[in-house]
Amino acid sequence: MNEAKLIDELRDKFGESVGITELMGQNEIIVTVEKEKVVEIAQFLKDTYALNYVISVSGVDYPEENKFLVVYHVSSMSENGHLPLVLALKVSVDRQNPSTPSLISIWRSAEWHERETWELFGIEFNGHPKLERLLLHDEWEEENPNNQFPLRKDFLLED
Amino acid sequence: MNIVNNIENVLNNIQIVELRQLLLFVFGVLRSELFFKIIFFPGIFTILITVSELIWLERKFLAKMQLRVGPQYAGRIGGILQPIADFVKLLFKEAIIPEKADKKFFQIVPILLVVLATTTLTVIPISETAVISNLDVSLLFTFAILAIFPILTLLAGWASNSKYPFLGGIRALFQQVSYEVPLWFSTLGVVLLAESLNFVSIVKAQSSFWYILLLPLGALTFIVSMIAELERIPFDVPEAESEIVMGWMTEYSGMNFGLIMLSLYTKLYFASAMFTALFLGGWLGPSILSPSFWFLTKTLIVALIIIMLRGVLPRVRLSDLLNIGWRRLLIFSLISIVWAVMVKLFLLGVF
Amino acid sequence: MVMKAIYSGLKHLVKSRMTVKYPDQKLKMAERFKGRHILDIPTCIHCRACFRICPPKAITMVFLRKNEQEIITPQKRVEETPKSTQTDETPEKKNKKREEVFPQISYERCVFCGFCVDVCPTNCLNMSHEYELSVYRKDDLVYTPEQLSEIPSEDEGRFTIAFTKRGVTHAD
Amino acid sequence: MSPLYFSVGPQHSGSGHLRMKIELQGDIILNAEPDPGFVHRGTEKIAETREYQQNVPMIERQCLPDVSSVSLAYAMAIEELLGIEIPPRAQFIRIIMCELSRIMSHLYWLSIMGIFLGHSTMFMWPFGDRDIFIDIAEKITGSRVSYTYIVPGGIRYDLPDKIKEQTIKTLDYFQGRLKEYDAIFLSNPIFERRTKGVGVLSQTDAINLGVTGPTLRGSGVRGDIRKGIPYSSYDQLDLEIPVFTEGDSYARSMVRFKEMEISSSIIRHALDNLPDGDFAVKTRKKVPEGEALSRVEAARGELACYIMSDGTSKPYRLKMSTPSFRNLPGFSLMKGSMLADMPTIYWSLDYWPPDADR
């Protein structure tokens, strides 16, 4: 399961839409991808490299660079357990109207994670069946109409 | 006896006629033997004492089985007065009646439950003489009273007018109705052998053989369907905490809840008393000890078995509950009747 | 069948009980148990290390109160402390003599993690075995340095876990 | 008959801090949808305002029955960022603490499973026996529940001296207790009747839904990080993973029950060949820039801790992907089952509301 082969294959298959890729310590790959191609790349990863098990989806806010980063951590799980490979698929999203295609059709397990990222960051996952209030209480919108999304950097805590 | 005499002649020379007759009548009742039976021996007083001690016994027995202490401070010796303390506490607790509830029925049900539970005990003979009403159809009488309980529980569930009690009430109805049929069939065997419906004569007929030895299957089905009738742990479905909080008792609080608990444990006492009367030969026992002592120890042992089951078994699902009720227990009870007939013809023919 | 369960249940009727009857029997705490803090006032060098490390910010630095009698409520305690000590930057200049401030711990916020004990250079702040800190008024939960310096009474619990033949129980 | 909507609410005796919106037709559940968030404390937001070491007590409070695994995941992520190597003795003591908290967490699960099925004795025994393990943890770490013992850079104190004998004695006593639990509850015909064939999760569904931990291993997938990607010298310990293929509540419960035996044998093994040496390494306050993902097998499942640091002494972004949050899809198993199966399925997922809400 050598990681370099995967990166090269990704490079030649998708060319420019695959941004910077790094090889982290023990078998962990970071791939940054553009928004448009993310669905195909995810489908490709799932089919050829059996990366079918989403560990977590986390949003990261970069106010200075005016962008969000949605990080999909995906690993592969087969009948006899974990395979060590973990791939961090990063999608950068514009901060003003953040929206990115939802990957539920490919990875069913990303559903709840995407819903939570939508609620705490405000990143639209179009195609997600059920983007509804999850962790915060129902009257959250009325209470703070302007900054609704707590995990953004500009949502300041008093303490 | 001179106290009685001089009270009597004091009453006699009261001038106002009506008052005199009334007081004489009241005094007559007070002295009558039936009054003593109703109020004291097999009646209200013993029932209350034994029932509250049954509650204490259950909590202490389960605590010991679960390696914990149980009631300890009330009444210093091992919390013996804890049930009384609970009832006094419940007296002062606010009996909340839900606003949308059907007030009339909501309040009648606990009272009716307690009344019915204690009336069933009037026919159970604690000893040869100590039975309040010696009906010759006393077994039939208990059938009738026990048939009213499901209606009351459904009424309680319906009157509370909220979701959980409604579900609990329906489930209680399913359970109690479907378990009454095997319950009565299992007693038929006993009636066949004793050739009478009267408890006293049933017990007398067991002088040679206790019926549990002759009809083991009947006894088993009786116990199992009685536990279902009492809604106790293996068949605790109407009051399943994890699904529908407290079933049909959810909305009751304060003394209403206290009365319902009292009626539940009175039914437990009645169930074990009926089992001893029907199958363990009520007060029959070697005569060194008084007959009522024998009756009470046997009832206590049966109650202990029922309580022990509560500490040992989890709750059954509603679907299995009904399966067991209609399929297995019904067949067992029918077999026990056929068995009783065989025993009647061959075995007793010989004696 | 059900018999196995019944047998196992009945077997436990003879086993010994697990419960510790708390008010009369008290558990003997482990030697490292992290209970209420004890402050050794003379050795404290007012370096505010505990103030900075405390995760829930339960420690505020206060002066020792000159007169003992007057009971101070927390608000009063908060204003009383000079403005500079509340901000968390390091004391202004090393050469300027440090204000004699001592840690005042509010047990409303303290999570007993023990970081302040680890980080204290002269380890004048340690933790006793006392865990019975319940009070009637919330303000009494704020322990002033003087209160922290009292060594709690040593009525230690004496009951420990004992493995007997009849199962586990708590013995003296 | 129109379906009956009712919510097994946050204050319901059968759910803990979680609301389940249940749609009932007669006795069959048409639709059961969990509504978490009642104990959401925003740990990830607060973590960004505190230094790395100050976060340890707060992060532990995410999953209180299983504290060491949470703090281990957090500590390992920071150590990966700092690029430091933990001395072997600290790694072994960390294993002991994790396995201890796994046993305690499974005991907690077993007692709640007992009371959910109406077995009051099964509620009391495991809670009582959990106390002897709490006593060991108190002797090692100084606090009974939230230890803050595993910190970035190793552990805070070494093992006290007489701890080995007490642990061995406790584990011997615990073997006998496991037989009792099995006799009175797990091999009880009514328990088997209520859990076999209830809430069946097939193997492919388990992987697609992304569930983790005993819920996964109950459906025939050998998914255990301790075996798949050994961390903190788990590879030096022999470790067999209980896997059941039926995928129903009974399988998930038996996985957890078997894991208690395995954990106690791991603790014995780790205690026997415990390497000596120092137990912690000096760490710097400022963590170099970068990101790290650490995966730990907590009692409820795989816990992934993802930290992005920007070179300051405070994390830029902390994301804990907790096992209970990833078992939320498991609630869809309740569709079509009976109301009486709702607690069985719910608690066979070993769902811990604060763990999911963070």
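Each chain gets a letter, A, B, C and D, in the order it is written, and its residues are counted from 1.
By our rule, a contact is a pair of C-beta atoms (placed from the backbone, for glycine too) under 8 Å apart; a residue touches a chain by one contact, two chains touch by 3 or more.
Keep in mind that this is a model prediction, so the values were computed, not measured.
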item	value
Chain whose average C-alpha position is farthest from chain D's own	B
Distance between chain centroids, defined by C-alpha means - chain A, chain B (Å)	65
Distance between the centres, which are taken as Cα means, of chain D and chain C, whole angstrom	28
Chain centre separation in whole Å, for chain D relative to chain A (CA means)	25
Between chain B and chain C, centroid-to-centroid distance (C-alpha), Å	54
Residues within chain A bordering two or more other chains	159
Touching two or more other chains - residue numbers and ranges from chain B	65-68, 311-313
Residues of chain D engaged with two or more neighbouring chains	121, 128, 184-185, 188, 190
Touch-based graph of the chains, sorted into line, ring, star, complete or other	other
Contact pairs between chains, per stated definition	A-D, B-C, B-D, C-D
Footprint of chain B on chain D - complex, ascending	4, 6, 12-14, 27, 114-122, 124-125, 128, 184-185, 188, 190-191, 193-194, 338-343
Footprint of chain C on chain D - complex, ascending	50, 53-58, 121, 128-129, 131-132, 135, 138-143, 146, 148, 156-157, 160, 169-170, 173, 180, 183-185, 187-190
List of chain B residues in touch with chain D within their complex	62, 65-68, 163-164, 167, 233-234, 236-237, 240-245, 310-320
Residue numbers on chain A that touch chain D, as the complex places them	25, 28, 30, 52-56, 58, 60-61, 71, 73, 77-84, 86, 88, 107-113, 116, 133-137, 150-151, 155, 157, 159
Residue ranges of chain B in contact with chain C within the complex	64-69, 72, 308-309, 311-313
